[in-house]
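Each structure below appears as C-alpha cells.
After this come two complexes, each holding chain A, first together with chain B and then together with chain C.
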Partner chain A sequence: MPTKPAGTLYRGREGMWSWVGHRVTGVVIFFFLLVHVLDTSLVRVSPEAYTAVIGAYKNPLMALGETGLVAAIVFHAFNGLRIIAVDFWKKGAKYQRQMLWTVLALWVVVMVGFSIRHLSLALGGH
Partner chain B sequence: MTAELAEPASKIELPAGVGGGGEIPSFDVTLRVRRYNPEVSDESTWDDFHVTMYGTDRVLDALHKVKWEQDGSVSFRRSCAHGVCGSDAMRINGRNRLACKTLLKDLDTTKPITVEPIKGLPVEKDLIVDMEPFFQSFREVMPFLINKGHEPTKERLQSAEDRERFDDTTKCILCAACTSSCPVFWTDGQYFGPAAIVNAHRFIFDSRDDAGDMRLEILNDKEGVWRCRTTFNCTEACPRGIQVTQAIAEVKQAILARKI
Partner chain C sequence: MSATQIQSPRSGQNSSGQDRSGKGSGGKIAPQYRRSGSSRGNFEMLAWLFMRLSGVVLVVLIFGHLTVNLLVGEGIHAIDFGFVAGKWADPFWQVWDLAMLWLAMLHGTNGVRTIINDYAERDATRLWLKIVLYAAAAAIVILGTLVIFTFNPCPVVDGVQLPGGFCPAP
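Showing the complex of A and B:
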C-alpha cells in the first residue's frame, strides 16, 4: 500500500542541530546588520530622520524583537567559540557534545539576566 | 571412555531457560521501504511490508524476507551481510546505518521501520544509489602508498607509535554512510566528503608515505576540508566507529601547519 511520498528528515543529533541553529541565527544576524547599517547611515542624510526612525523602535514589539536578536547573537557567539574549539583544540571533537551543553547553559544564564534587565526597562514604563 | 566424557562440561553456569537452543522471541514488524523505479514512475513511493521476525534478526534479514517471500522486485545491495564489505548502507529510521549491523530489537518495532536510500547520491532503483561520484572523490585523494625512495628488499618498517597515528582511519569500508549523512554533501555534490578525507588522512599521517603534501594540496581546495561544518553526522553514522570529524579536523590543522 503506497503512502505519502517525500523522504524523511535526516535524524541528526546535537552536532547537526547546533549547526542548523548556527546557520539560522547567522542569517537572522545578517538581516539585522543590513537594517542596522541602513538606519545608522540615515544620520548622514539627516539627523532628524535618524532620530525619528530610532524613536520608532521604542515600542514593546521591538523590545521583544531585540530580546530575540540578543538571543540569536549570544547563541551564535558561544557556539562559534565551540566550533573554533572543535577545529583547533585537540580534544574538541571528543567533547563537542559537552561543549554544546555548556554553550546552552551559558546562553540560558545570559538570556535570563539580559531579559530581566532589558524587558523591565523597555516595558516597565517609567 | 563414555560418550559423555568426550566433551568437557561447560564451566559457565547458565540460569534455567538459557541456552540449549531455547525459544528466540519473535515479533511482528512493519518495514516501510522507499520505492523508486524510473521505468514505472519518476515519483518515489512508500511501501509497507509486514513480516514476523526474531530477536536475533537484523534489518537486512527483514529485507531478505520481504524480497524472498513477498515482493521480489525490492532492490538493495548487499554482499557479505556481516558488516565488512560496506555495500548495504541505507537510511534506517532517518539515520545512516548498515542494514546488516542494525538489529531489529534495537529499533522501535511498535512503529513502522522506515528504510530509504542514502541521501545525496542519485537513486537508481529502490535502495540502490549510484556510488560513482563517491568513488570519484575517493580516487582523487590518491588512496595508495606513494614512496619516492628505493623499493626496499623487505617490508617497509614502521614503529608502533607511527602506525597508531592513523590506525582509526584504516578501518574505513567505503560504505558511504558518512558522506551521505553530510548536509554539506547533500547540497554540494562537489565536496570531497568525509570518506575521501578519511582515506586521505590514512596516508597523510602514514610515516612511510611521501605524498602527504600533495594530498593536503588537493584537500586545500575550495571543495576540500574547509567545506566541513563539523555537524558530526559522519561520526555518528560511521558503522566502524571512526572518529571522522576528528580526522577531518586533523587534516585541517595539518594544512595550516604546513603553510606556516
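Showing the complex of A and C:
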C-alpha cells in the first residue's frame, strides 16, 4: 500500500489551474447527468409526473443553477478542445497558455449571450 | 559480472553497457518497460483516445441539445411531456439523444475512474469506488436507453389514458 505523500508539488499557473477547473467541472457535469437521466425517465412513469418534476427546473433559483451548469459545460467543452490541440497539434504545448486565454475569452462571450437569453426567459415571467 | 545489473529504461541494450554504437537503439524502450503488451493491453491508450474523440462529438451534441431546449422559442418554458413526445416522435432526435447518453456516460465514467485512480490510495477503496461507479453508470445507461426506445406518447393504465398524454383520436 502506498504511503501518504509528504506533500505534492504542483507547478501552478495556467496549466495547473485549467487542469483543476477541468476536473471540477467534469465531476459536476457527471453528477448532473445522472440526475438528468433519472428526471427524464419520468416520461415513462406518467406525463404528469414528468411535467411536475420539470416544473422544479423552472423557478428562479434553478435558473441560476442552470446558468452555472451551462458555464461548467462550456468551460469543459472549450478547454477540452484546447487539450486536444495540446495533444495533437505540433505547436499545441507551446501555445497552451495563449489557448487557455482564448478559451476563457470565448467562455465569457458565450456565457454573456447565454445568460441574457436564458435568464430573461426563465426570470422574465411568461 | 553479476547478473543483477539493472538497465536504464531507454538503454534498449544488454547490461554490459559496451554497445555504444547507437545504431537502432536511439529512443527504443527496453521490452520490460513497454506499457503495451502486458495483461492490460492498450486499454489506457484507447481510453485516452476515446476521451478526445467522444469529447469532440459531445461538444456538437450537447451544444445542439442546449440550443434547441433552452434558447429557441420559449426556452425552458416550452419543456413538458409534450415537448419530449414531439422530439422522440422523430428518429433523428432519438438517435441524437441515444448517442449523447452513451458517449456522455462513457466519457464521464472514464473521467471519474481516472479521478478515483488518482486520489484513492488504498487498493480496497479504489476497488469499491469503481464498483459503485460502474454499477451506477450501467444502471443509468440501461435505464436511459430503455426510456428512449420504449417511450409511449399515449400511456394507458388499466384501459384508462393517463392525463397529459398524446393519444390518437378514437
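In this text, the second predicted complex is superposed on the first by the 114 of 126 C-alpha atoms of A that agree within 3 Å, B and C clash if a C-alpha of one lies under 4 Å from a C-alpha of the other, contacts with A are read in each partner's own complex, and residues count from 1 in each chain.
Simple rule for what comes next: a contact is a pair of C-beta atoms (placed from the backbone, for glycine too) under 8 Å apart; a residue touches a chain by one contact, two chains touch by 3 or more.
Just so it is clear, the structure is predicted and the values come from calculations on it, not from any experiment.
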| item | value |
| --- | --- |
| First, second, both or neither for A:122, with chain B first and chain C second | second |
| Partner chain in contact with A:11 - chain B first, chain C second, else both or neither | first |
| Touched partner set for A:96, first chain B, second chain C, both or neither | first |
| Which of chain B and chain C A:87 touches, first, second, both or neither | both |
| Per-residue touch tally on chain A - higher for chain B or for chain C | C |
| First (chain B), second (chain C), both or neither touched by A:19 | first |
| Chain B and chain C contact sites that coincide on chain A, given as residue numbers | 1-2, 4, 83, 87-88 |
| Interface residues, chain B side, partner chain A - complex | 32, 34-35, 43-48, 91, 93-95, 114, 116, 119, 181, 183, 229-233, 235-236, 243, 245-246, 249, 252-253 |
| Residue numbers on chain A that touch chain B, as the complex places them | 1-5, 7-16, 19, 83, 86-88, 92-94, 96 |
| Partner chain A, residues of chain C touching it in the complex | 52, 55-56, 58-59, 62-63, 66, 70-71, 74-77, 79-81, 84-85, 101, 104-105, 108-109, 111-112, 115, 121-123, 136, 140, 143-144, 146-147, 150-152, 155, 162-165 |
| In the complex, chain A residues that touch chain C | 1-2, 4, 23, 26-27, 29-30, 33-34, 37-38, 40-41, 43-44, 46-48, 50-51, 54, 57-58, 63, 66, 70, 73, 77, 80-81, 83-84, 87-88, 114, 117-118, 121-122, 126 |
